[in-house]
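Chain IDs A, B and C follow the sequence of writing; residue 1 opens each chain.
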Amino acid sequence: MDKNPGLRVRSRHLFLIGISLLLIVFSSAWAQDEEVIVIGHAEIAESYDPAHAFNPTTGMVHRVTYETLVTFPSADASSIVPLLAESWSISEDGLVYTFSLNQDAAFANGDAVEAEDVVFSFDRLRNVQAQPSFLTDPIVSVEAVDQSTVAVTLDSARPSFLAELTNSAFSISNAEVVRANGGTDSADAAEADAAMDYLNQTSAGSGPYILDGWAPQEQTILVRNADYWGDQPFFDRIVIVNIPEAATQRVALVSGEIDLATDLTPDQVVNLANSDEVDIYLGSSTWTHFLLMNRDPEVGGPMADPLVARAVRYALDYQGYLDLWAGSVTPGTNMWIGLAGAHGQEQSLERDLDRARELLAEAGYPDGFEVTLEYPDLTFAGVNLSTNAQKIQADLAEIGLTVNLLPGEVQVALEGYRNGTQGFAYWFWGPDKLDPIDFLEFLPGGKVAGERARWTENMVSSEILDLIAAARTETDPTARTEIFNQLQDYAQEDSAFAPFNVPAIQTAFRTDVEGYVWHPQWGVDLSLLSRSR
Amino acid sequence: MPFYKYILRRFLFAIPLVLGITVIAFLIANAVPADPINANLPQNALGNERLVNAFREKWGLDEPLHIQYLVYLGNLVRGDMGESIKTRNPVASDLRQFLPATIELASFSIVVGLVMGIGFGVISAVWRRSFHDYAVRVFALIGVSFPVFLLALIGLSLFHAQLGWFSGPGRLGFLTPKPPHITGLYTIDSLLTGRWSTFRDALSHLILPSLVLGSYVAGIITRITRSSLLDVLGTDYVRTARSKGQIEPLVVMRHALSNALIPVVTMLGVLYGNLLAGAVLIEAIFAWPGIGRYAFRASTSQDFPAIMGVSMLIAFIYVVANFVVDFLYFFLDPRIRYT
Amino acid sequence: MADASRFWGRLRKNPEVLLGLVVVLAWIVVVIFAPLLAPYDPLQQNVSDRLQPPNDVYLLGTDELGRDILSRVLYGARITIPAGLVVIVVNTVIGWLIGAIAGFAGGAWDEAMMRTTELFMAFPTIILAMAITAALGPDIRNAVIALVIVRWTDYARLTRGLIIQAKTTEYVEAARSLGAGNIYLLFRTLLPNSVAPVLVYGSLDIGNAILLFAGLSFLGLGPEPSSPEWGRMISVGVSFFDQWWMWLSPGLAVASFVMAFNFIGDGLRDMLDPRSAT
């Protein structure tokens, strides 16, 4: 191109026209001999090792690369259905769960899924002491009764246990393969296990797809498991491209570069609604957006005062967030609104600025104070956290709080959040367990309350502690609902959190993509997707 | 001055410059953060005495400052620029990974900038005070006055999102396979291996960011070309050529331009350095996986070792680029040979 | 008076200088009277009016939280322009002092200063500034500090050149021969002589300082997200490039300001250029 001396001196227009002509010629589609689907997605993944990973992206990927003992139906969490375990029984006292593995089940490399693999996967999950390891806390032991029978013993009766087992952290990996690549389930696995790098690039599971490479923050590639023991999925290859910006996802979807966009904003969806090329799925998400107010005075400062936390809950303009995020819902508490017995929008708090100001004055801050709000700087599932943070800032300004915003890169911010060093923070939460028990994470004794908000058991009355204990073990549905109702009422009064919005999810896909089903646990099941001719 | 002597002298000038760059980088790394350990280790390592001590040991933090510098220099010579807090990789290997993308973008942009800049400069000088001249000067002003990130957004929203003329963010389409790694420049690698569709895709992704980045360079080069060409056109030498009856454009091209381009060439080294730095903003917007985006991510995640690595790398490139420019200069400017 | 009228005459021949001055003056008026000019509070959110394109109520449209863009751009001038000014003033003072000392003392001092400035020039300004703000933590003050650290060298070099030039003038030689001391010379003759050119250079450099400041802020290393700072406002464009009104107005605000200074600089150069007489 540079060889042509005319181009050098003539106007830019010639150059532009030339280039655009070239592009028109070039833009013809390339031949495809395999079925490929490209997913545009804002990646949040720390690892693809199921014992380490515990993020929105990994949930979606693990759904198709690994399998759990039991699972939910494809569209909801209404019942527990078999997967690797074809049947199970629960002992009289509710402590021992015995699973019979499906004899047909096989890993991608052809090895049969055996009891030994289950023991290895559960023990490794516990012993690597990573983010999801806490899920194994109720488990006392996992034993292989015979080649296809596993017995799991719990420390106490736990009605939610099967629902918890559907979590992708309980994925069953091929013990032999993981061991051969540095993995171990021994007690010192936290130091000794070295399989994460291997599992970040490929999967050792029994699902319909195999992980075929991950370039963090760039793309994840899945290839079809040709020997899958269940029904074969449609696509030969799934490319999950990291596109953090919703605006870019939209352009890529409309131009056909991607087939499915997971993180559009409500505003974009309104504009896309008339398009012939794009279909839209709208539904309520599982993500509860909330504020955290650290109860440790050294970390939280004035925010550690329960009165201040209450004032914050009354100061938030809940209606405003509903206007901001079309299709969203105001949650009553940190218990996800989709769970049985959760306080929904009818029981949610309403803004009451006078009450908020009174509470602040009662706490000794009639003139307010200055505080820093930390949050991860990202757009997640179409919700720009920075937009909400600015609204929070404006809401709290009305009761005299001067909020300084401190957005952080997501990994950095996560570190502070998990270490409990954030005094006042904005985060979102999707249930680890699709069971009311998930809410206990937000009460003293729970992970989020204890580790992240430093709200511990010695800070609450014994009645509340008794209620929390009962919530864990109560099996009678009516009594259980009653307990959770009381706990939610308590949380609205005294919690260290201020939940304010559960946004809608809006997924858009090319009209030729079929089989899209959204699930509260894993998001979209990629193996159900197909393309019409 | 003979060629080898000239080059040797230039080379000897470069050595203290390179050493000096390491001193500045070292001083900034030590003086700016309140606590170098805090700035260089991930938060979860701070509580770990073993890791903290290993870090102290490695960088000689208990030694006096001048020894610390020598330790730092020693590590640097071995290619050790510390470890990135965010990626947990050695900074040097991260830079190796991300540099080719930036080199490709910057080289493309400088070509675009040169072609547009010299072309416009010539037009503007030859038809001085004409409509063309004013149009070109306005363009040059926009090039140097508009923030590159604004041009990038206008380009993206207009030519990519609205008109769909050019590819948007990224180096390749989502489905295009990467060419095998030879130079790391996708256009060149795909050409070398005969992958035409990859080449086209890489090229179409390069156009928009390099037009944006190039227009900044073009703005500067237009101005230099214009003013130096006006200088040359005013000299006796050109007047003589004119009086001999040679037609105007030929005079310009043959006699004037070669002389007028000397200042452009001398600026190239500086411009290339500026381009690499300007690439930070462009790469952040165009999701271009180069050292600019690496630096951007590093700065937002307080990844101090990574960002100092990028600074130093670009400073080195700047020195090398200027060395190359000196080299070119020797051939372009006859005066050097006689001094 | 004769000088002034001649200057005016030349100014009329160079309308771009005039235009540049008018634009700069207009922005200064905005900086001072922003609260009177802005139709709304720049931080006032009206969620129900969000993302409106320019219309009769919101002349330049609204942003993602329903804040008035016009008011934000006007108030933004009060952040970006003073920040650029502070950078320039501190740059000028520091650069001028260092350059003056080097030029006056000469010898090893001079050599050391010159080499140091060369080194600083090798570093990419914006990345070095990013490194410094990353280490200090992002906010307006630290962004200004970072820019001061990376941008003083031009001023030092300029001042040094002027001082060395002034040292050789007859006036200084005469003063020296009359027994004037070093300190006296430095303060009474050399420094004042170098002030005017450095000030001129500095005032023309404001545009560049503002571009850099807006760049840092665009990257999230300046003021916090809700601030109506121009670079910050433009950065939402990455998420909302369809809603062009949100980022185009602050973008053009920066561009107009920088362009005005370039107009003035170009015009002045042209006016001083002997060729322009022909």
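Heads up, the rule we're going with is that a residue touches a chain if its C-beta (ideal position, glycine included) is under 8 Å from a C-beta of that chain, and two chains touch if they have at least 3 such contacts.
Bear in mind that the values here come from a model prediction, so they are computed numbers and not experimental data.
Among the other chains, the CA centroid farthest from that of chain C is the one of A. The interface carrying the most C-beta pairs in contact is the one between chains B-C. Centre to centre, using the average C-alpha position, chain A and chain B are separated by 40 Å.
Centre-to-centre separation of chain A and chain C, using mean CA positions: 46 Å. Work out the mean CA point of chain B and of chain C, and you get 23 Å between them. For chain A, residues touching at least two other chains, in rising order: 245, 247, 377. Residue positions of chain C touching 2 or more other chains, listed in rising order: 220, 238, 241-242.
Residues of chain B found to touch two or more other chains are 161, 300, 302. By the touch rule above, chain B contacts chain C in their complex via residues 16-17, 20-21, 23-25, 28, 32-33, 39, 141-142, 144-150, 153-154, 156-157, 161, 230, 234, 273-274, 276-278, 280-281, 284-285, 295-296, 298-300, 302-304, 307-308, 310-311, 314-315, 318-319.
Taken in their complex, chain C has these residues touching chain A: 43, 45, 47-48, 50-51, 64-65, 220, 224-226, 238-242.
Across the complex, chain B meets chain A through its residues 42-44, 86, 111, 115-116, 118-119, 122-123, 160-161, 164-166, 168-169, 173-175, 197, 200-201, 203-204, 207, 287, 289, 297, 300-302.
Partner chain B is touched in their complex by these residues of chain A: 2, 7-10, 12, 15, 19-20, 22-23, 26-27, 30, 36, 38, 40, 218-219, 239, 241, 243-245, 247-248, 251-252, 255, 257-258, 377, 408-409, 411-412, 415-416, 419. Those residues of chain C whose C-beta lies close enough to touch chain B in the complex are 115-116, 118-120, 122-128, 130-137, 207, 211, 214-215, 218-221, 231, 234-235, 237-238, 241-242, 244, 247-248, 251-252, 254-255, 258-259, 262-263, 266, 275.
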